[in-house]
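Letters A, B, C, D, E, F, G, H, I, J, K and L mark the chains as written, and numbering starts fresh at 1 in each.
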Amino acid sequence: MSKTFEVIERVGISTEGISEAVKEIVLEANSEKKVGWFEVVEQRGRLTSDGKIEFQVKVRIGRKLKD
Amino acid sequence: MSKTFEVIERVGISTEGISEAVKEIVLEANSEKKVGWFEVVEQRGRLTSDGKIEFQVKVRIGRKLKD
Amino acid sequence: MSKTFEVIERVGISTEGISEAVKEIVLEANSEKKVGWFEVVEQRGRLTSDGKIEFQVKVRIGRKLKD
Amino acid sequence: MSKTFEVIERVGISTEGISEAVKEIVLEANSEKKVGWFEVVEQRGRLTSDGKIEFQVKVRIGRKLKD
Amino acid sequence: MSKTFEVIERVGISTEGISEAVKEIVLEANSEKKVGWFEVVEQRGRLTSDGKIEFQVKVRIGRKLKD
Amino acid sequence: MSKTFEVIERVGISTEGISEAVKEIVLEANSEKKVGWFEVVEQRGRLTSDGKIEFQVKVRIGRKLKD
Amino acid sequence: MSKTFEVIERVGISTEGISEAVKEIVLEANSEKKVGWFEVVEQRGRLTSDGKIEFQVKVRIGRKLKD
Amino acid sequence: MSKTFEVIERVGISTEGISEAVKEIVLEANSEKKVGWFEVVEQRGRLTSDGKIEFQVKVRIGRKLKD
Amino acid sequence: MSKTFEVIERVGISTEGISEAVKEIVLEANSEKKVGWFEVVEQRGRLTSDGKIEFQVKVRIGRKLKD
Amino acid sequence: MSKTFEVIERVGISTEGISEAVKEIVLEANSEKKVGWFEVVEQRGRLTSDGKIEFQVKVRIGRKLKD
Amino acid sequence: MSKTFEVIERVGISTEGISEAVKEIVLEANSEKKVGWFEVVEQRGRLTSDGKIEFQVKVRIGRKLKD
Amino acid sequence: MSKTFEVIERVGISTEGISEAVKEIVLEANSEKKVGWFEVVEQRGRLTSDGKIEFQVKVRIGRKLKD
């Protein structure tokens, strides 16, 4: 049985906060395949057209290659 | 017409949380001149004299040089 | 009188968010000895067995060597 | 609707120059699925057997997870 | 013919050593599609429940996009 | 006489290439005040709505504080 | 119950190899208090007076603050 | 009242030493507006035409945005 | 006999200069337990209330775990 | 037969562009001894006295120690 | 007598492991001139034509300038 | 005429201070061939057998390849 993990990189979006962007993206990745761990690697953002702060959080996600 | 952006660096303060410090600082910079994007580059802090955690979040902010 | 500071490294855990993990760990370190400042150096996490996001936040904490 | 982005990593090859290697790789990735943004992360290269400089440029490419 | 390479990220596990973890992960990736090169990017680990050191080695692997 | 230099950060835009984006931004900064040196610190970009690669190059520019 | 982890930094020595230096240092730290995880952060070395390669491997070790 | 800090970047010059270059640049910045803190980020230099070492020290300086 | 080294992190303070701050902190650490080596990892500072530059220099110090 | 490579560091100069500076420096190094590979590590520059952008590109070059 | 050290950069090759590549390269450098210390700075590799993992380990080597 | 620069790496030693170690090493390199510029890249040290702090400062030095 393979014990290898894949690491994928995703960017999550939230107007609430950094932690909310992380939660959303990790849960979505987990719905595809069970997430082992994650690492937050970048926190950027922009102002939306209606004046809200939008956080764009880059996360590396580790999952078993073959579940 | 110039398409150049300036990047300025600011540190925002909040006793609520990291995202709150970012929001405050980006909105303040936006009130001076329209913000294009931002990048969170450092998260530090201290304890206030009345025992609260104070977050000090360094943010780089990109804005059109000539709006 | 010595003016030297020690810097210790801790990892705090929270299922609420990154700022909550920082607050918990800095207040705990402060209960041992007065905290001068802190720096957030790593934000990782995992999914708990009941499907919650658990943030693991690494923080460097500066304290006077001799209080 | 998901607002998540995937970030993939590619290395493009060009004997013309760094910008040409970037253009080729981003356009190819865009032909598979619409590219949102890219970041140049490494610039290496070698000499080809007929004595030309070959640029090998590593690029991270962000695309909507579900277009 | 495309000359683009994809770069994927994997974590290999070994209780023998760092080089063994790299070998296992690169050979496994090669069995899927021919590996061009690899880069070791992180070396972590933990103690297993029976007291052995388990190395967890993160490796970036470059492969031709279309073999 | 002060010998201090200020360092400002700008992002230049070009659909031609990275070097072109640098040239544009450094010449523009020089038209305001004489440029001493520059350092390229980030190379990103996006696809324009008409399918061209747009390079966004971040440059730090050193200029005498008082010319 | 506290869920905080301490992170300590150690340098292990081995004339056999990098993995051996890591194993020695992690097992020694574990004999003091149960090790949660470790990260290899630096690999240096010197030649011993009798001409052997001596590896000096810096490792960060995470352990529960209160076991 | 705004609690935001601006961070500016300056390069100081001294033929005496690194600390002297830092002192000169921070005091000069303070004479414009009260300095909160500084960080040394780069130490370079050159030989002057009369054979002296000239230190060029890059410093980031934090000051209250509105004093 | 254990050949393991511990690495501790300290911040030294001096209004004279960076080297003076390093000397003070390394000698103080040596008075507790014999210092093997040190690495300067950060140089920051502030202005004291009477207008002097105060250097705050972070140093990692390696010492034999069991002297 | 030795399979060791030496890595040397050079800075190339060009008023045309970054790729041109790289090409010039790698071909010159190759005329001394066959170049195996190169890595671009820094891109700086200045304005020449006649107002042209001069790129200064730092490149690490790998060559067989004994050809 | 000069106390200056030179630092050279080499890449060692081994199909056995990372530590073996380091040993080979440091001993070879030592046969030219006495090695003071070394630092491992990069670990890459490729698959040989007969399917073996080849480690390519970049090492910085410090030696007295004048032995 | 070649405009290429070589970059060499040296470590200077001083018990006086960091700036003194830099001066010594740059002047020595200049006595061999005219130095264009230098960059301080690492500051370490040890305690000498008679209890003095010895600074070991790593410097990259740029010189015209052909003077």
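Just so we're on the same page, a residue touches a chain if its C-beta (ideal position, glycine included) is under 8 Å from a C-beta of that chain, and two chains touch if they have at least 3 such contacts.
These numbers come from a predicted model, not from an experiment.
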item: Neighbouring chains shared between chain B and chain J, ordered by label; value: F
item: More contacts between chains, D-J or B-H; value: D-J
item: Per Cα centroids, the chain farthest from chain A; value: L
item: Between chain K and chain A, distance of the C-alpha-averaged centres to the nearest whole Å; value: 38
item: Chain centre separation in whole Å, for chain B relative to chain A (CA means); value: 22
item: Chain centre separation (chain B, chain F; CA means) in Å; value: 22
item: Residue numbers of chain K (touch at least two other chains); value: 8-9, 17-19
item: Chain-to-chain touches, reported pairwise for every pair that qualifies; value: A-B, A-C, A-D, A-E, B-C, B-F, B-H, C-G, C-I, D-E, D-F, D-J, E-G, E-K, F-H, F-J, G-I, G-K, H-I, H-L, I-L, J-K, J-L, K-L
item: Sites on chain B touched by chain F in the complex; value: 2-9, 60, 62, 65
item: Chain L - residues contacting chain K, complex; value: 8-13, 24-25, 28, 58
item: For the chain H and chain L complex, residues of the former touching the latter; value: 16-19, 42-47, 51, 53, 55
item: Touch list for chain E against partner chain K, complex; value: 17-20, 22-23, 26-27, 30, 34-40
